[in-house]
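Two complexes, one shared chain (chain A), two partners (chain B, chain C).
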Partner chain A sequence: MARPSVRVFHKLEGLFSIYKPPGVHWKLVRDTIETNLLKGINAAPPPAPRQRVQFLAESTSVVAEGSNELTLSAASVPALAHHPLGEALHIHIGVGVGHRLDVFSSGVLVLGVGQSNKALTDLYRSHVTRDYTLEGELGMATDNFSHTGRLIERTTYDHITRDKLERVLAMMQGSNQKALLTYSKVDMSTQGAYELAVKGELRPDGKSPPIMTGLRLLHFQPPHFTLEVQCLNETQRYLCRILHEVGLELRSTAVCKGVRRTRDGPFTIQHALTHQHWTSPDVIQAIRQYRSSRKASKAKHTQPGKDTGTASQRQEMAEEAAVTGDSHRLHSVLTSKAFGS
Partner chain B sequence: MALTCIQHCQRCTSLLRSRSVGITTLQYSTDAQHWPAALWNSFIVPVLPSLLQRSPNPSQTRQRWNLGVRSYCESHAKVQPSQTKHRNTDELPGTDMVSYQNPVSHQLIDGGMLLKEWQTAFDLDDAPGHSALEEISHEEAVRMDIPAALPPVSISLKDYVNESETLGKLVQLGVQLWKLEQRPNVGSMLLRLDFQTDVTPRLVFLKQLGVEDSRLGYLISHNPFILTESLENLQARVAYLRSKKFSAESVASMVSRAPYLLNFSVKRMDNRLGFYQQQLGLSAQKTRDVVARLPRLLCGSLETVKENLKICKLEMGFRENELQHIVTVIPKVLTANKRKLTQIFDYIHNTMNIPHDLIVKFPQVLNAKYLRIKERHLFLQYLDKAQYDPAKPNYICLDKLVSLPDEAFCTEVASATLKDFELFQKTIVAQPRMTSFSERHFTHNSTQTFFRQNNMASRAPATTGRLLVSFRKWYYNAAGFNKIGLMRDDTIHEDSDVKEALRRLPEKVYNDRMFRLKRALDLSMKQAVLPKEQRTQYEEDVHYLEPYLKEVIRERKEVEEWSKK
Partner chain C sequence: MKSVCGCHIEARFVNITHNHNSNTHRLRNTCKHNWGRSVPLASSSTGGTAHTAGGSEQNCYRVEMSLAYLRLCTQHRLALGARGYATHTSDRRSREQKDEGPVFQYVGKQSKPNHKVFVWGFSYTGALGIPSFVVPDSGRKKPRKYQLTPYRLETEQQISSAACGYGFTLLSSSTKDLTKVWGMGLNRDSQLGFQRTQQDRYKSYDYVLEPSPVPLPLARPQQTRVLQVACGRAHSLVLTDSEGVFSLGNNAYGQCGRKMVEDEVYSASHIIHKMEGFDSPVTQVVCGQDHSLFLTETGKVYACGWGADGQTGLGHHNMCARPVAVGGDLAGVRVQQVTTYGDCSMAVSQDGQLYGWGNSEYLQLSSVTEATQINSPRLLPFEGVGKVTQVACGGTQVAILNERGKVFVWGYGILGKGPNLSESQTPELVPPTLFGRSEFNPAVTVSRIHCGLNHFAAVTDRGELFVWGKNVRGCLGIGKKEDQYFPWRVTVPGHVVDVACGVDHMVALVKSVI
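Here is the complex of A and B:
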């Protein structure tokens, strides 16, 4: 018979995503959530105070001379040593952070509680891609590639058209694709490699520099433009530098006005919790949702009992490949042991 | 009863060990040996001898205690007779019983009262000696209390709370012992208190003052030292507050909200009240209101308040009467975090373009969270509803912007759903940082420029500013070039950058420089210095070349950057 607080503790095992607002360090966010979860555990009603038996000796009134009978009475006294105010239970909740976000950027931040932190390391190693939305401004160059830095130069940008910008982006994507092929260490003359490449499931084998697997122009209204990037092994500063290089390629300059992560592996921005919802019940809800979605995907992937041949697996994966492009990785991560229970 | 017995035994063992003259192999010490050495030095809650200063000593308990101690002492005396022989014959003479009395009597430095008690309690001639193997009657066996195995030192009050009356009653009051035991020495202080004589009179005093029962726990958790403050002092301070015409209810609420209030002397409170009245220029009644609403103003340091006032006046540019109004509505501005205050003000004034008089009308905005204001403003901007000027239509009241909860804000002010607001929150990106000090314009209705005051007020508090300036002056005079009438920029080494900067100087400045250099060369030839009145003073020294030099260097760097590409 577990205490209510222990039951709450068990419900908190899992991964969930939050939306980190810009301007705060990720550590502050993690600490806030840890505090809120602990508050939630403490809010569970405390157990009834334990009783202990204390024997009190009473001497009965001596009426006759010889009758010095001692009677002992047993009294049940509350044991104050385990009173909630007397004892601080040092519960340690381990809240781990997935891919970090720096102070300037905002977006989906994956956190794990308890045993699921092991799943986080698996997430790292599985080369899941992340989606970013980068907002840029033409005509400025600063020292740290973002609009909060010291201005170094200003340039004109009237000559830039959408067509030119898209050409530059295509060139960048091409070079990234080549890098991906080199780092994935597959022999490009094989049929298997070709099929993987066609489906967009090639991934680097081992360590690699930041690679963009997808680059797209969302919105262009000079001087402002917005890019959508799908990448691996990146840092937010690298992305700001990409924008700067885009500007340089166009014989102008550009700075990054905002970096927003919209997807981290299977966690999208849709289910990310905003800061009003960083409380224990909402987190429990998010974890429950994640667990149920995992069960559903597990069931879907292990459904074909007989034909577990590669062809049918690829077929199923291809359905989801359009969305995320890394469902293969996802599958292996989701069914790994660390996610168990 | 059981308590006193236990405590006697504990006292015996703790005393014995405190001298550490080799009686470390007592049975009790094995418990202590489990604790690592480090614990002994920190977080120790020793059960000190003064535990029993005022407890009544019925003869029955004394006898029982005698029985207990003697049997105890006997067993140990028999185990280590050799160790009772020491150089310090005062402490441990040969015989069994006496050996354990004298160390006690000579070690009782801290409790003079204790000495007598111990001696009176320990009447050797009273009862005959007992051997541990002697058979005792059933009643006696039942009567004999087994002392609880309380550790003599502990890092937690948990071990003593079942036996100590004070701690038990405090827990029932609602005091958070787990917090208090983390503070150094507080745990042992609480254990030393006697509930009847120490704690009860103060609790009664607080109750009479009007503090509610439910607040007593909070008060003691935050300020356990109220239980050691003398009653006369407490009464004097309350009398002082009443004499300043604080009503009884307001005194009670002040004490319950600022737990440390009554630990401060009358002089200090008077000093602070005077400071607030004088600095803010408020009437007596208004000062009373402000202090009654935020009683911690009387507790904390005045330096932070002074700095906050300076920021409000100089950086933000509020006038005296505006500041008075703000402080009467939101006294928290005086103790707010400076960085956060300036951040919020900067956002409201420079980004949302809200003028000073509107901020003064709604000072609550200065108390709100920065993130909240930012998100709501951006949301309204996105919906094209961010209009805060009361003169124009569709005006949004600042009070509603800040104080309504999210649900009400969305429906009333923004006419959108909560879901839309959350979706919008997920699209917010970083905003540009605060503009630098020289570019900021906290201008007010009058055309004052606050640049110089900004720099002064922002960089350092007044005291170290003066120190730095005096050091600089001394250094300037020690450098010596002012004695021959030169300025700092006259002495700069001429490399190519400086040559170019000199070429750009205006004619008059250049001619003045030439004159000074000629004069200085002349003086050095004659080995003379200027008289004191004609020497360049620290205040007169103008760094005329600096802006030109900076420009030249920046240009050169730019050229280098370009040529690299």
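Here is the complex of A and C:
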């Protein structure tokens, strides 16, 4: 018979995503969530007081005169050993953070509770891609590539048109796509490499520098512009640097005004919990939602006869295995012979 | 920073709401919208507590609105406090920095892109035009035999057309200056004209290591423009806009379109022949290995030169020393493009039909004939390729481009669909995802295709260059010497406009992005 607080504790095993606002250190966010979860556990109703049977001696006045027997009567007495007022429950909740966001950025931040923290490392080792929305401003260059840094240079930007910006982005995307193929460590003279290249599934295996798998201009109104980036193995500082380099390619300068992560692997911004919802019941709800969605897609993928050899499906299986804590299966997935070798 | 009414007010506004006792009339000065009108707030209101004002209902309503706004103010303030740092001070600082200091201008508003030439491949023939690769400047440096990645070639003028032959290159500019064509590489048959040596004025260089002017005998050198150049195994053709076609180099098979002279010595020859015999001005010239093809304005094709494989398409297998109109299935057809590089020739008509003649040992024409040669043009009917807009022929392989930007390949060799496909009789589509098409860029298409002797080159509409095929002495330019079995991007700093493919080297005409 588990106590309500322990039941709450078990419901908290899993991964969920939150929306980290800009200007906050990720550790603050993680500590807030941990505190809220502990509050939720403590707020669970105390268990019903346990009774135990105790044999009490009869009072001497009742005993008949001259009798030598010790008469006992059973009584149900509250046990004081586990009384909530007398006991301190030391619960340790481990809240782990997935791919971190720096102070300047905002967006989806994946957290894991309890046993699922192991799944977090496995998830990120399987080369998930992330989506970002970058806001840039032309005409300025700073020392840390963002608008909060020290100004280094100001340049004109009236020669920049949408067409030129798109040409520069096309060039950058071309070199990134080439990097994808180069770091995939696949022998290009095999038929398997050709098949994967046609499907667009050649992905870096092992260590790779940050690579952008997709780059698109969303909005351009000089001096402001917005890019949508899909990348893997990146840091937010690298993305600010990308904006700076876009400015340099355009013979001007640019700084980053905002980095917003809209997707981190399978976690999108629609299901990320905002500031008001960093409480225990909302977190439990989010974890339950995520678990059910993974179960549904796992059932879809493990249909008999389905080809599980492609890299993207393997990646999805890795994510599911990671989430459901099945590290054994994940290990077999990650070490299986890959890429037609 | 959005106000309640939805208009954008500067960060300055945030400072005002800090002391939320402030009068709403200041807000009204900044906000153009007609919000919270005339009632001044009761001064004793603090923390947004509900404060009923006496008087008419109208007044009550207005005060309620302003009070609701106050509550919003405090919410904003709380939101600020929750952040790790306050944004408004750094905004103020950066704005102050913005207003001071010089503004640099690197590029003017009317700037035009720069045009550059990049070369790569085998350099010992001098075909790359960089003398330090063959004869190093300093004793410490070693000669560079293979240039495996694109290398910038400095030219005096903007080059509009380039052609790669078998070990030599011609570059031409559409300028009205006296020097319009430059050549470099092998010159044993004077395919680059007479290049006078420094020591002896009767001798010509056998290898030209730097782009050197080709002395064209133009009648009006300051008005004529050179439109296009073409190079074969040991001869070249230069097309001008008003003075016709000039041919130079080896004429052992009549490929220069002039009468063959027995025991002619081609080295150190001054002969540059102005070709005659066309019914209308020539619009395109191409050189095969030892034959030449010409396309005129009326859409007729002329041929001359070596015909043992029927590559001249004149109905016989003899040589021809003057340009003769090609018949066969091409009679009465308006041709829009001709191509050849080895011993097989192809043409595309204006309505998108494909014609071929010449060598078919490598299954280039096997869709219509079992013979190994055809000496008269035949229509090649292929279904499923759509309307053909461009065709490119190599030594053993053929590629076509249709109007949708799709590339089809067939023939023998490395065709571009992996190592398993080494020969095909019918066109095979090269998947467009290999040229950069993806869900992020669904509209990428190929705009030009070219063939070298053993490789292919494709230029997309986004200015990217893709190559595949046999990597003869590093001619692919991908940084390695291994063959490439499917289209691979060549990293060229800029937007590729056009490319010329040779046997073991390539030239790319590139435009800068800005």
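Things to note:
Simple rule for what comes next: the second predicted complex is superposed on the first by the 263 of 341 C-alpha atoms of A that agree within 3 Å, B and C clash if a C-alpha of one lies under 4 Å from a C-alpha of the other, contacts with A are read in each partner's own complex, and residues count from 1 in each chain.
As a convention for this text, contacts are C-beta pairs under 8 Å (C-beta built on N, C-alpha and C of every residue); 3 or more make two chains touch, one makes a residue touch a chain.
What you are looking at is a predicted structure, and each value in this text was computed from that prediction instead of being measured.
Legend: residue contacts after superposition of the two complexes on their common chain; A:Arg260 is shown touching chain B, with no touch to chain C. Once the two complexes are overlaid on the shared chain, A:Phe220 sits clear of chain B and of chain C alike. When both complexes are overlaid on chain A, the residue A:Phe145 reaches neither chain B nor chain C. By the touch criterion defined above, A:Ala272 reaches chain B but does not reach chain C. When the shared chain is aligned, no partner comes close enough to touch A:Phe9: not chain B, not chain C.
Once chain A of one complex is fitted onto chain A of the other, the partner contacts of A:Phe104 are limited to chain B, with no touch recorded for chain C. Of the two partner chains placed by superposition, chain B and chain C are both touched by A:Glu153. Once the two complexes are laid over each other on the shared chain, residue contacts for A:Pro21 go to chain B and to chain C alike.
Between chain B and chain C, C contacts the larger number of chain A residues. When both complexes are overlaid on chain A, the residue A:Tyr132 reaches neither chain B nor chain C. Residues 21-23, 147-148, 153, 275 of chain A contact both chain B in one complex and chain C in the other.
Residues 21-25, 28, 103, 139-140, 147-148, 150-151, 153-156, 158-159, 164, 167-168, 170-171, 173-175, 177-178, 181, 188-191, 193-195, 197-200, 213-216, 230, 249-252, 275 of chain A are the ones that touch chain C when the two sit in their complex.
Across the complex, chain A is touched by residues 1-2, 139, 142-143, 145, 156-159, 161-162, 167-168, 171, 174-179, 371, 375, 406, 422, 425-433, 558, 561 of chain B.
Looking at the complex, you find that chain A touches chain B at residues 19, 21-23, 52, 54, 56-57, 68-70, 72, 77, 79-83, 85-88, 104-106, 135, 146-148, 152-153, 257-260, 269, 272, 274-276.
By the touch criterion given at the top, residues 82-85, 87, 90, 94, 97-98, 101-109, 111, 417-420, 431, 433-434, 436, 438-441, 462-464, 482-486, 488-489, 491, 495, 513-514 of chain C touch chain A in their complex.
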